[in-house]
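We just call them A, B, C, D and E in the order they show up, numbering each chain from 1.
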Amino acid sequence: MIPPSPPPMRQAGAIKWLRENLFSGPLNTALSIIGIIIVWLLVQGILPWLSHSVWDAQNLRECRNIIAERFGAGAEGACWAMVRDRWSQFLFGFYPNALYWRATLAFALLFVALAPILFSESLKIRRIILIAAAAIGVLGIIFGHAPVWVVVATWFGAAVWLWAGEFAPTKLLWFTALYPALAYWLLWGGSAWDPIMALAGFLIGYIAWRLLAARSTLVAAIVAVVLAMLWWLYYSGDAARDAEDLISLSIPQVSSRYFGGFLLSTTIGVAAIAMSLPMGIILALARRSDMFLVRALAVTFIEFIRGVPLITLLFVASLLLNYFLPPGTNFDIILRVVIMVTIFAAAYMAEVIRGGLAALPKGQYEAADSLGLDYWKAQRLIILPQALKISIPGIVSTFIGVFKDTTLVVFVGLLDPLKGITDAVRASTDWKGIYWEPYIFVALIFFTFCFAMSRYSMYLERRLKRDNH
Amino acid sequence: MQVSDEVAIQISNMNKWYGTFHVLRDINLTVNRGERIVIAGPSGSGKSTLIRCINRLEDHQSGQIIVDGIELTSDIKNIDKVRSEVGMVFQHFNLFPHLTVLENCTLAPIWVRKVPKREAEERAMHYLSKVKIPEQANKYPGQLSGGQQQRVAIARSLCMEPRIMLFDEPTSALDPEMIKEVLDTMIELAKEGMTMLCVTHEMGFAQAVANRVIFMDQGQIVEQNNPYDFFNNPKSERTKLFLSQILGH
Amino acid sequence: DTLSDVKARGELNCGVNIGLVGFAAPDANGNWSGFDIAVCKAVAAAVLGDASKVKYVPTSGQTRFTALSSGEVDLLARNSTWSFSRDTDLKLDFVAVNYYDGQGFMVRKDLGVTSAKELDGATVCIQTGTTTELNLADYFKANNMTYQPVAIDTNAEGEQQYLAGACDAYTTDASGLAATRAAFADPSNHIILPEIISKEPLAIAVRHGDNNWADIVRWTFYALVAAEEYGVTSANIEELAKSSQNPEVQRLLGTTDDLGKMIGLDKDWSKRAISASGNYGEIFAATIGEQTPIGLARGLNAQWTQGGLMYAPPFR
Amino acid sequence: MATTTEMTEQPSFRLSMLIYDRRYRSMTIQVAVFILVMAGAWWLIDNTIQNLANLGKDFNFDFLWKRAGYDIGFQLIPYNSDDTHFRAMIVGLLNTLLVAILGCIAATAIGVAAGVLRLSNNWLIARLMTVYVEMFRNIPLLLWILVIYAVFTEATPAPNAFRGENPTAHMWFFDSVAFTNRYTAIPTLAMTNDPGNLVLGKESISYATIAFIVALVAAFYIRRAISGWATTVQDATGDRPTTWWMQILVFVVPIVALIWYFGLHLQYPVLKGFNFAGGLNVPNSFFALWLALSLYTGAFIAEIVRAGILAVSRGQTEAAFALGLRPGRTMSLVILPQALRVIIPPLISQYLNLTKNSSLAIAVGYLDLRGTLGGVTLNQTGRELECVTLMMLIYLLLSLIISAGMNLYNNRVKLKER
Amino acid sequence: MQVSDEVAIQISNMNKWYGTFHVLRDINLTVNRGERIVIAGPSGSGKSTLIRCINRLEDHQSGQIIVDGIELTSDIKNIDKVRSEVGMVFQHFNLFPHLTVLENCTLAPIWVRKVPKREAEERAMHYLSKVKIPEQANKYPGQLSGGQQQRVAIARSLCMEPRIMLFDEPTSALDPEMIKEVLDTMIELAKEGMTMLCVTHEMGFAQAVANRVIFMDQGQIVEQNNPYDFFNNPKSERTKLFLSQILGH
C-alpha cells in the first residue's frame, strides 16, 4: 500500500494567497485594482471626518468650535454629541423618561415570546437569545428608572424564563400567547383589566368551541367566533371597568402621540407581523382552496394590496379610513397605521406561506385524509406546522421588509426614527444644520437589526436544508 | 343493496374517469372479511386508482362502492366513517416528518377517535412492538431507514384499529434488504386475519399469503384466481405476458 | 356636537404644525410650545378648565384639513391661510385670523438681489402642498418671469437646501422666513426681500357646521385680543376681575354678565383662557416677538388702536 | 363500455346535504363567503356615502379639469401652472414611469454585475459586493434616498461657483456638462435644418425624432435579419460568418446620415443669470432618486442573480465541459438559459417593487404621480377620496401590466416535465 | 514520452490531492485502443476522480496523463482537443433540461466541431436510433424516464464521435427495470470496438464485456486482471473482501 503523502508545495503563504485570490489573471487583476481604488476613495473621504469625532458638546456650534480647536481650523468632523444628547428620542420618541423601563421590558419580553416559535429547535440559540433578552431587560430596567419591585420582579422573571428555556421550552408558548396583551399593557399603560378582558374573549370562544365541537366543528366555530365578538363589542369594556373599580391594576397611561423613534417602528412592525401571520395563513389557504369564489376573492385581495405602494395604503389609513367607518368613529392613528401595515404584510405573508404549502408533498395531504382527519384538523396538525417551518425564512424577510417600511409612517405625520425624529432634532436651535450624524446613527441601528435577522433566516435555511426530517 | 356481514368491500359496476380518460372500467369486486387480495398489473393499469377509490382519496363517477356496509357517496359523514375503518399504507410512507414516531401513531386515534392520550400511547407502543420497532418510538421519521419508516406507517394505520388495510406498493420504494422486513410484518398481519388489499409486484408475497390474486390491465380486472393457479395456469394471454416479464427479471 | 365630545373626552385634540419654531414645536421632552400652541391652550382652558388637557396632533400640509374634517382634531391652529376655496369647497370654517402674514422671499446677501422682481430665472425652494406654491406661480407669471421650483417636504428640509445653495431663494410666509433666518448661524448674511407677494391671513379653523363650537373658539381667541386691548394680562387678571370698574373688562372677565352661558360654558371661561398663556400681546411677545430669537415686529398684528389689524368685536 | 360521465345514483335532496355533502357543501361555503364579503363591502360603501353626506362633499372627478395653479420642477411634456390637474397628473405619471424604467435598467445592470462578481474568485471584489448587498438590503430605502440626495447637495457646487474670473468650480467633458447642487446641466440637441413638428392637438413631436425612431426600428430589424442569415449559413456550412461589423454599420450609417442631414449638434449649457440655460437641467432629486432606487433594488437583484446561477447544478457545467464546450459558450448556451428561468420571475417582482418604491420621490421633492395627484392636487383641492382612489388604481394598473408580462414570459419558458 | 498508436490512454505516476487529502496515489495505467476496462472499488476509493482526471474535469498535481497522444497539461488547447476526443456519461445524466433531446445531441457538434446543422441532426438521429429512442427526439429530457435519459446522454456523447468513452456509474441512479436498457446499449457499443472505461458495480456487465477489471482502494490501483480471474481468483485480500460483499448482495 502506498501511504498518503502531503501535496507538493508550489508557493507558500501570503504571496500565494494574493496570487490566487487577487491577481490570478488580467481580468482579476484589473478588478482588484478597481476595488482597491474604491476602498481607498471611501476611506479617504470618510476617515478624517470620522476620526475628528466629538462626543461632548451641548450644541452644534460648540461642537464645531471644539473640532476647529482640536484639529485645526477648517477641519471637518462628526458631531456625535448630538447622539449623546438625543439618543433617547431616537429610541423612544417622546415616551416619558420615567417610563423607559416599560418600553425596554416589553422589548426584552418580545424575545422571550419569540423564543419558542423561532428558536425552539436549537438549545444553543435559545440560550443565547434568552440570556441576551434577560440582559436587556435587567439593564433597561435598572437604567430606565424602574421602581424597585419591578427590578426584583424582573430578576425573578429572568431566572424563570432562563429556566423554562432550558427545561420546558414548550411552556414558553403560553407566554407567547399572553405576550400581546402584556406588551400592550406595558406600552400604553392604563388598567391591566382591559387586556385581560380582551383575552377573556378568546377564553370564552375556546370554551364554547370545546363544548360544541363534539357535535359539529362548523357550528362550534361559528358560535365561538360570534360569542367572542359579542363579548368584545358589548361586554369586555364594562367588565374591565367594573373589575378595575374592584381591584385597581393601573399603571400610568401613555398616549400614542408620545410614541416615536424605534419604539414606534418596533411597535408597528411587531404588531403588524404578529397579526398578519394568521391573516396571511387564512389568505394562503383561501388562495389554494378549490372553491372558485373563495380563491378569486383571495387572489383579488392579495394582488390588489401587493399592486399598490405601501405609502398609498398609509394614505388610506390617514385620509380615508375615517370615510369607510361609521360616522363618528375615530381611533388612534397608530392603530390605523398598524391595520394598514398589517393588511400589507398579510398579502406578502400569504404568498410566502403559499410557497410553503406548495412545497409540501401531496402525500402528506393524502396521508392525513386517509387517517380520517378533517380539513381543519389536517391543516392544523399536519400541513401548517410543516408549511410554516419551511416558510420561516420568507416570514423573516417579510418582517425585515415591514420593519424597514415603518419609516414611511413619517408621511402620515408620525415620528419615525429616520425622518420624523431627525427632522425634529434638526428643527431645534441646538442642532440645526446637522446632517449626516442622525442618518448614520439611524442607519446603524436599522442595519444591526435587519442584518441580524437576515443572518438568522439564512441560518434557518441552511438548517432546513440539512435536516430534512 | 343489502350486503352480507361477511362482505368487507363490495364494488359493483364502478367506473372512473380522469377528465376524459377512462381509468377504471366496470370494476366488479367483492372482498370478504379476512380475505387477503393481491392486485398486480402493468404500470398505469389503474391499480393505485382502484385502491384509492376504496377510501375515497379519489371519487368515482358511476357504480357503487360499499365498504363495511357503508356506501361511499359524497356525504362527508360516510367518508369519515369509512376512512376510520380503512387503513392505508403508501408507497412513499408519507409519515409526518415533524412528529415523532409515537406522535405519528397517536395523532389520529386522539383527534379522530378521541382516545385519551395515555391510552393512545399504549396502543401505539403495542403496534410498534408488533412491527418490531418499539425502541424507535421517540425518534423522528427522518432518522429511520426506509424499511423502518414503512413499518411505522403500517403501525400508524393499525393504531386506528381498522377492519381493512390497503397497501399501495408498500415495498417498491425500498432497498432490497429492507423489503423483507416489511413483507414479514405484512405476513404477520395476514396471519392474524386482517382483511387486506395489496398492490404489489412481490410475487413471493402473493404466493405466501394471498387468497386471491387480481390482475388488472387498462383499467379492467382481467383475471382473478388463487395464487397457485394464477402463477401456474394463467388464463389470459395478457397475464401470461406479464408474468413472463416480471418473473424473468 | 364637538363641545360635548371634548368635554366627555376630557381632552382637546388640537391640530398643529409638525415643527415650526415659534409657532409650534416640541422640545426634547415632547412639550409643545409656540404661538399656535397658545391658542390651543386657551381653548382647552376655557372649555375644560385646564390648559394642559390638550392632545397636540402634528399635521403635515397634506393631512391637516383631512384631520379636521374627519374629526381627528377639534380645531386646527396650524398657520393655515384662510382662502375662499378652503372655506367653501373644503367645508372648513375659519373662525378668526390669529396672525396676518404675507408671503415673502429670503435670499443670500451676496446674491446681490434687492427686489423680488430681479429673481427672473432663479431657483426657488418651496414647501409643497401650501398656498405659497400657488402664489409663487401666480407672481412669476404676473411679472412675466420664469423660475425653477425645488419642491421640499418640510421646513427643515427647505432650510438645508437653501443653506447648501440648492436654491437661490426660499419662499414662505414672512413670519416663517423670519423664524428660519433667526435660527441661522449667520442671520446677517441673509435678507428678506421687501416684496410681500400675497395676503396670508393665518386663521384658526374648525369643522363646517358646528356653529356653537366655532363660536367658542372664535370668542376665546377674541378674548385674548380684547384682553390686550383693555390691558388685562395674566399678571393682573385676578386683581382686575375683582377691582376693575371698566364695564368692558367686567363683561369680558365675567364679573358682571355671564357671557359664558351663551356659548355653553361657565362664567370664568375667559379668565381661564387669558390666564393660560396671557393675552394676545403677551403670547406674541413670548413666542415670536422681538425679544425672542424669531424677532418678529407686531406690524399688521398690532392692535387696531396701534395701527394694526387686531380688532376684537365687542363683548356684549 | 360507457364513456359518458353520468351519475347513476341521484338520491333525493335533503337540506342537511348542504352541510354534509361534499358537492353542495362547497357551494354553501362559497355563497356564505360571498354574502359576507358583499355585506362588508356594502357596509364600507354605505359608511362612505353617509360620511360624505355629513361633510357635504360629493364624489366626482370634475376637479381634474380645473386649473392646477402650481408648477412642476421637472416635466417630460409641456406643462405650466395654467394647465389642468389632469395634465399635472399625467406629468407626474410620466415622471414616475421615467424613473421606474430607467431605474429598472440601471438596477438590472448593477444587480447582474454585483451578483456575478459576488461569485467571482477575486477575494476583494467578492467581499466588496457582499458589503454592498448587505448594506443596501438592510437599511431602509428612504434613508438611502435622503443620504444620496444629501451627497448630491453637499458635494457639488452651487451654480454661482462657476461664475467670475476665477470660478471655484468648472464644467466637465469639454465644458459641456455642469454638476451643480441643484441639477446637472447637460447639452441638448439642436438642429440647423429643423424639419418642423408634427402637431397633434396640444402635443407636438419633431419630424426629426420620428425619422430617428424609424431608422432605429428599421436597423433593429435588419440586424435581426443579418443574424438570421448568419444562423442559416451556420446551419448549412457549420461556420458562422463574422457579422459584428455589419451589425454595427446597420445602426451607425443611417444615424450618421440623419445627423448630417438635420445638421444635428449639441447645444451647450451656459451660465445665465442665476442658472445654467441652453442645455437641459436634470434636477438632482431625479438623479438621487434614480440612483437610490437602482442601488437598492440592485442589491436585491444581485442576490437573485447569484441564486439563479447557483441553482444550475454543477453537473451541467461539467457535462458541457466534457462535451468540449468552452467556458464562454457553456455560460451562454447552457448556464444562462437555465439560470434565467430561475431569475426572471423574482426579477420582475423586483421591478414591481421598484415602481412602487418610486413613490418615495416626495422625500426629495421629485414630483411623481404621488407628488402631483396624491400630493399637491390632493392638497389644493381637498379631494382625498378621489385622488387616493385614482392614484391607487393607476399604480395597480402599472403592477398588473408588469405581472401580466411576467406571466407571459413564465409560460413561455417553463421547463417541460413529465 | 512516445506513446505507441495502439495506446489510447497512458497514465504514469499520477498523483492528485484535494487540499491535503491524497485521493489518487501513484496511478499507472495503460489502456489500449479498443480495450474495455471496468473500474470497481469501494465508495470513496477515487474511481470517479480517476475518470474525471482523464478528461481534465479535475487537474492532477503530479505525473502524466496522455490521452490519444496528447498530454494533459493546463494548456487550454490540449484540454479542448482531449475533451472532444473523449466522451463522458455521468451517473446523473446531466442532460440540458432546456433543450430537446435532439438539441442536446447537436449542441456540441455544431458549436465545437462546427458541423452543419442538417448534418449534425442526421448524425444525432443515427445515434439516437442506435440507443433505440429515435422517436423521443423532440421531447424534453424532463419528459423521459431515467433509462431513456441515460441513453440520450450516451447518444449525446457519441454524437461527438469520440474515440474513448468514459462512464461513471451510468446505471446506479436507475430503477432496476431501466438498468437493462442502458447496459444493453453499452454492450452494443463495446461490440463495435469502442475504447471504454467504465466505473460500475454491475458485475454481470463486467463479466460480459470487460477486457480487464481494475480494482481500486484508497486511491490506489490494488489489482487488475481479466474478468474471469478477477472474480474467481482474486489475488489481494482487499479484493476478496469486496467481492464477497457485492456478490453476496
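By definition in this document, a contact is a pair of C-beta atoms (placed from the backbone, for glycine too) under 8 Å apart; a residue touches a chain by one contact, two chains touch by 3 or more.
What you see is a predicted model, and the numbers here were worked out from it, not measured in a lab.
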Both-way neighbours, i.e. chains that touch chain E and touch chain B: A, D
Touching both chain C and chain D (chains): A
Chain located farthest away, centre of chain E as origin (C-alpha): C
Winner on C-beta contact pairs when A-E is weighed against A-D: A-D
By mean Cα position, the chain sitting nearest the middle: A
Inter-chain centre distance, chain A versus chain B - centres from mean C-alpha coordinates, in Å: 48
Where chain A and chain C are represented by their mean Cα positions, the distance between them in whole Å: 40
Whole-Å separation of chain centres (CA-atom averages), chain C against chain E: 89
Junction residues of chain B, two or more chains touched: 76
Residues of chain C whose C-beta touches two or more other chains: 66, 157, 160
Residues of chain A whose C-beta touches two or more other chains: 319, 322-323, 411, 435
Residues of chain D that touch chain A when the two form their complex: 19, 26, 29-30, 33-34, 37, 44, 47-48, 50-52, 54, 117, 120-125, 128, 134-135, 137-143, 146-147, 150, 154, 352, 356-357, 359-360, 362-363, 370, 374, 384-385, 388, 391-392, 395-396, 398-400, 403
Complex contact set, residues of chain D against chain E: 234-239, 313, 315-316, 318-326, 329, 333-334, 337-338, 341, 413, 415-418
Interface residues, chain E side, partner chain D - complex: 55, 57, 80, 83-84, 86-88, 90, 92, 94-98, 107-108, 110-119, 139-140, 142-145, 156-157, 160
Of chain A, residues touching chain D in the complex: 20-22, 24, 28, 31-32, 35-36, 38-39, 216, 218, 290-294, 297, 303-304, 306-312, 315-316, 319-320, 322-327, 400, 404-405, 407-408, 410-411, 418-419, 435-436, 439, 442-443, 446-447, 450-451, 454
Chain C - residues contacting chain D, complex: 61-62, 65-66, 69, 86, 89-91, 111, 119-123, 128-130, 133-134, 136-138, 141, 147-153, 157, 160-161, 164-168, 208-209
